[in-house]
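Some structures are shown below for you to check.
One chain, subunit A, links the two complexes that follow: it is found with subunit B in the first and with subunit C in the second.
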Partner chain A sequence: MIRKGRGIAGCLYSLTVPNAPNPCTANVLMREDGSVNIQMGIVDIGQGAQTAMCMMAAEFFTIPVEKVRIYTADTHATPYDFGTLSSRLTFVGGRALLNACQQVMDVLKSAAAMQLHTLPERLYCEGGFLKDKYDPAKMLPIQAAAAISQFVCRKMPMGQGEYYPFNVPADENGCGEPSVSYYYHASVADVEVDDETGVVTVKEIWSAVDCGKAINPSAVVGQCDGGTLQGIGWALGEDMYPYCTHNDGPAPEFDPDFRPRNLSDYPLPTTMDAPEIHSMFVESHDGEGPYGAKAAGEICANTAAPAIVNAIHDAVGVWITELPATPDKVLRAIREKQEKEGA
Partner chain B sequence: MYEKQDYEVIGHSRPRNDAPGQVTGTVQYVCDLHLPGMLYAKPVLSTEHHARILSIDASAALALPGVHCVATSADAPDYCYGVTDHDTPCLAVNKVRYKGEMVACVAAESYALACKAASLVKVEYERLPAVFDPRDALKPGAPVIHDECQGTSYEGNLLLAGPGKTLKLRVGDVDKGFAESDVILEREFCTNPQKPLPIEPFATLAAPDDEGGLTVWSTQQCVFGIAEHVASIVQLPMSKVRMVAPAVGGGFGEKNQVGTEPVTALLAKLTNRPVKLELTTEESLMFTGTKHPMYFTYKLGAKRDGTLVALKWDCVTGCGAYSSVAKLISGKVAFWGAGPYLIPNQWSDVKIACTNKQIGSAMRGFGMGQPTFALEVLMDMLAEELGMDPLELRKKNMFRDGEHMSTGQAIRASGIGLCLDKVAEASGWGK
Partner chain C sequence: MLEAAPGGKILAGGTDILVTLNGNAVPDDLTLVHIGEIAELRRITETETALKIGCLVTDTMLAGSAAVEKYAHALWQAARESAGPQVRNRATVGGNIGTASPAADVVCALEAMDAVAHIVGPGGERDARLGEIITGPKKTSLARGEIITELTVPKGASAFEKIGKRQAMTISIANAAAWVELEGDTIRALRVVIGSAAPTHVRAAEVEAALTGQKVSRAVVEEKARLAVHSISPLTDQRATQWYRTEVVPVMVARAILAACEQGGWNT
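Up next is the complex of A and B:
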């Protein structure tokens, strides 16, 4: 018989590397046509860090994103970054980038002030122009300021920004401020459990990440979708050292050679296995990150498994305490429960 | 920083800026890179879980025309790499510690030739007793996996972490907390070694440059960190090792550890030719790491009204054959195993045990997936025991701004309540 259940789970995650210095450096240059080149040692592994950096620079200079190019991940041509890990790139890289952008802006304002016969500190940037706060007649396109700086002042509008996320390493009792900031996630999972076969099917899952200000919402939702599916795989089958089990056979045996040799042996969920995933985000206000951003990458893989296991309990009244919740394990737990109740 | 009310660009969804290149196939991954005179590499992986290497006979492989080199540990400097402990050789030295460890690597004129040559490399092993469950690995009499680093990195199979050999958290007084609790639950949990499995397996192209240095293109999440290890293996200053990550087809954490880089760089140095090593999916499954399996005992004490009073957790982390990131992962388990909940009394103890399984790798969720599983299921067990709604129990105890988390750090911008409310509302929780 198919039984339905629902479960919930939450999680926190330290963004940036705990207890360790993990800085990032960014170089930013504005060209004479107002386009921007970014150099960073970061690696985009598919999560969309390059796009996020271009968006932040475009926001800063009030120019179209298409005018921003980014060059990354070359130890001889790009400045230092600690690595694509610990959900740190948007946060740490973004701060380094904005620090560099601010330096470029200072150069642009000097050039524009000279041209407009005003003072740099009277200027602000809006809609692709540098404008005088007190004299609306005085304004200059940002690319004109860049060209004047380069060709008249002979000063390239360049900046190098760094950011060191703050931390106080934990002492031997775990006391300290290991990470500069934290982000959060929660899931609700709806499952169906076949109590005659032990097969668990996730029907629908709601997944919400607290990413601070979402720089690129579709990328955040993408992280949430992918992390959730990876979490489902972890919960229900992915195991590099599985036990040999049979539904009605003897107790499971461990055989270290019983290992997946190819993807055909390894139950990696495909899109065909994906339930309806409702990915969402909430935006808590953390003053530290660039434009208020926190992170979205890693945490999304963490709450699907407990939410599913809690939903299995809601459905059939058994607790699966050893992952993954494979059909043999679920069925064994159901049978044990039935025997106990029968006796 | 720089927060505003209205943004022109930020907060408006847009496609990735490399989307056109991805869709039209112009993006270059390592497998798309080819250089004149490039050799193809093929690894020879251990077929044993734990064994002494008695001999490696590469004569038949080297006799094939077009085979340039069969590198073994004899060709590598006496250098072990690692994130916290330098215990991992570039190619297995004297013994293998997991099935899939790289023992030798061939460089030849074509990939087919390299495959043929690799199949002709004869490795003679003397099988040693192996241990797979990290709890068994810590028992007296368990086969010792790392003979060399005893006393420095390991004691038996225990990876020495922190001043007292294990990683800890001590907050308040848990014994007092349990004495004051109305309900105490104690349960065991364990988690499975999932594979990160990015769609693109590890691949590296290493080429000698005109100045005696090397350029290394690789599937890396962490170019600067890995360049250090490559430089040590090829015995060059870091300034002579240029590390580049072209387009990378996912990583999920496994690519911020050393993969195919050192051995490919070594082959390029030995042959003075560009060398490319691309792992197949089969090789990747055997050679690269997994999420750390963890074994927990969690004990939770609460008041009848659902207020959490004390939490104690013991964990044994299985780090596999080499230490890699196990200490960093386990530190997170020790600090934040209480999740996003306010619990005045906390006690944790996390041991790390080496086994003859694949190396524990960084993986998405780094050290928080495993304790989250245990704690969040335990929270539901408590809710059942108390007859409380699981959401209500969580919201009663969740982080609130201005309070302090386990490490004593002040909580700000806590979004756990926002997340719980969002999923509860969207799913119609309780309706």
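Up next is the complex of A and C:
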């Protein structure tokens, strides 16, 4: 018989590395045509960090994102970064980038102020122009400011920014301040459990992340989609040690020969396993983050599995305390429950 | 060609042979005889009582055939559920039998439908049932040079059930197919085949005997399907434990029989 259940799970996550110094650095240069060149040591493994950096620089200089180029992950040419981990790139990398951008802006403003016969403090950037707050007649294209600073003022519009996230290492009681800020995620899963075969099917799942300000909204939704599917694989299929242990201790069937040797024995979800995923983000403003952004990384994979396990409990009343919830484990738990109740 | 080459093998869709060769040392005497382009062997025809299925018919062709869906429902279901689209586009019926995997979905359905294979070889032509051809995991009784050219699948009411580690692109943990002949609500004849639970596909003879002559009801079918455990000898492997297979085989057998009865006009 098919039994339906719904489960919910939520979590918080650090967005800088706890208990470790993890700085990031960025080099930014504006060329005389107004295009921007970024060099950073960050590594984009598909999460969209490069795009986020370009979008933040474009926002800062009020220029189209197409005018921003980024070079990353080359120890020969790019400055230091701690690594792609702990959901830190948008937050830590973004702060380093904006620090460098600010230095470029200072150079541009002093060149523009000279050209426009005004003061740098009176200038602001809008639509690719530097404009005088108090005299609308005074404005200069940003690329002109770049050319003037380079060729007339002999000052290159470039900056070297760094950001060093604050944390307090844990004391002997485990107390400290592991991260500058935290971000949050929650999932709601609707499942169907076949109580005669133990097969669990995820029918529908909702995935929401508090990412601070969403720098690249479609990428945030993509992170939720991908993370959720990863979470489903983790919850229902992926297993390096099948039958290694069971809820009540080692199962008698364990044999190291049963470790998967290739992906056919290590079931990642296929499109046929993917339920309808409703991904969304709930924006907040983080005082420390670049433009108020936090992160949309690992956390997106974290809550699908516990939500599914809770939904299994809601459906058939058994707790699966060890992932993945394979048909084998689920059916065994159901049978144990039936025996206990029947006896 | 096959007689001349001692290490010769027939290559049809290549979804088994080429995977095995990939990354392994190729034997010196390996000769692959590719039959995949012979159009005459790649078609489904219909007679009054049976479907004739060429050995090069792919799973995709089976899954897309209205005649197979109507007259050999178990086969249609098995073809739809086996592997993934890329493999289904290549994998052939003949190759599925020749590979002789105890987990094969299509073979399970064909055996329940009592399909007869037409075999052509140097010694002439002969007909054989799949249970006679497949003798063990990756073992067949086909002589050197013999090729399965066509299958005759009698029309009938049938259904197929499968459990895998996920919804697609997965080898069966266990599968079951049932064919049934009804007279009103009474089972006149029944064949049940179980896969992935013994060295070859096995008939659930005790279930068949217990249900033949019985009036169909969910309770009776579910009770008698428990006898299926006497026909199987499952192992623990990467996909599931022996315990699990023993538990689910009767469930799948019961579901396959009931679904086959519905195909045959029985109404719950």
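Operating definition for what follows: the second predicted complex is superposed on the first by the 334 of 343 C-alpha atoms of A that agree within 3 Å, B and C clash if a C-alpha of one lies under 4 Å from a C-alpha of the other, contacts with A are read in each partner's own complex, and residues count from 1 in each chain.
Quick note on the criterion: a contact is a pair of C-beta atoms (placed from the backbone, for glycine too) under 8 Å apart; a residue touches a chain by one contact, two chains touch by 3 or more.
Fair warning: this is a prediction, and the values are worked out from it, not measured in the lab.
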Contact-wise, after the overlay, does A:E196 reach subunit B, subunit C, both or neither (first, second, both, neither)? second
Name the contact category of A:Q150: first (subunit B only), second (subunit C only), both, or neither. neither
Between subunit B and subunit C, whom does A:T270 touch in the aligned arrangement: first, second, both, or neither? second
Going by the contact rule set out at the top, does A:R335 touch subunit B (first), subunit C (second), both, or neither? second
In this superposition, which partner touches a larger number of subunit A residues, subunit B or subunit C? B
If you stack the two complexes on chain A, which partner ends up touching A:T90: first (subunit B), second (subunit C), both, or neither? neither
Please work out whether A:S279 is in contact with subunit B alone, subunit C alone, both, or neither, and reply first, second, both or neither. neither
With the two structures laid over each other on chain A, which partner does A:T118 touch: subunit B (first), subunit C (second), both, or neither? neither
Mind working out whether A:V309 is in touch with subunit B, subunit C, both or neither, as first, second, both or neither? first
Scan A:P260 for contacts with subunit B and subunit C and give back first, second, both or neither. both
Counting contacts the way the document defines them, which residues of subunit A are shared by the two interfaces, the one with subunit B and the one with subunit C? 242, 259-260
Tell me, which parts of subunit B touch subunit A in their complex? 1-4, 7-18, 49, 99, 130, 132-133, 162-164, 168-171, 187-195, 197-198, 220-225, 227, 238, 241-246, 248-253, 255-256, 281-282, 285-286, 290-291, 293, 328, 331-332, 334-336, 339-340, 348, 356-358, 362, 364-366, 368-369, 372-373, 375-377, 379-381, 384, 390-391, 394, 398-399, 405-409, 411-416, 418-420, 422-424, 426-427, 429
List the residues on subunit A that touch subunit C in their complex, please. 196-199, 201, 236-237, 242-243, 251, 253, 255, 258-260, 264-265, 267, 269-273, 326-328, 331-332, 335
Please give the residue numbers of subunit C that touch subunit A in the complex, ascending. 84, 163, 165-171, 173, 236-244, 247-248, 251-252
Would you tell me which residues of subunit A are touching subunit B in their complex? 6-14, 17-19, 41, 43-46, 48, 50-51, 54-56, 58-60, 62, 65, 70, 72-76, 80-86, 95, 98, 170, 172-179, 181-188, 190, 204, 206-210, 212-219, 227, 230-231, 233-234, 238-242, 254, 256-257, 259-263, 266, 268, 278, 280, 282, 284-292, 294, 297-299, 301-303, 305-307, 309-310, 313, 319, 321-324
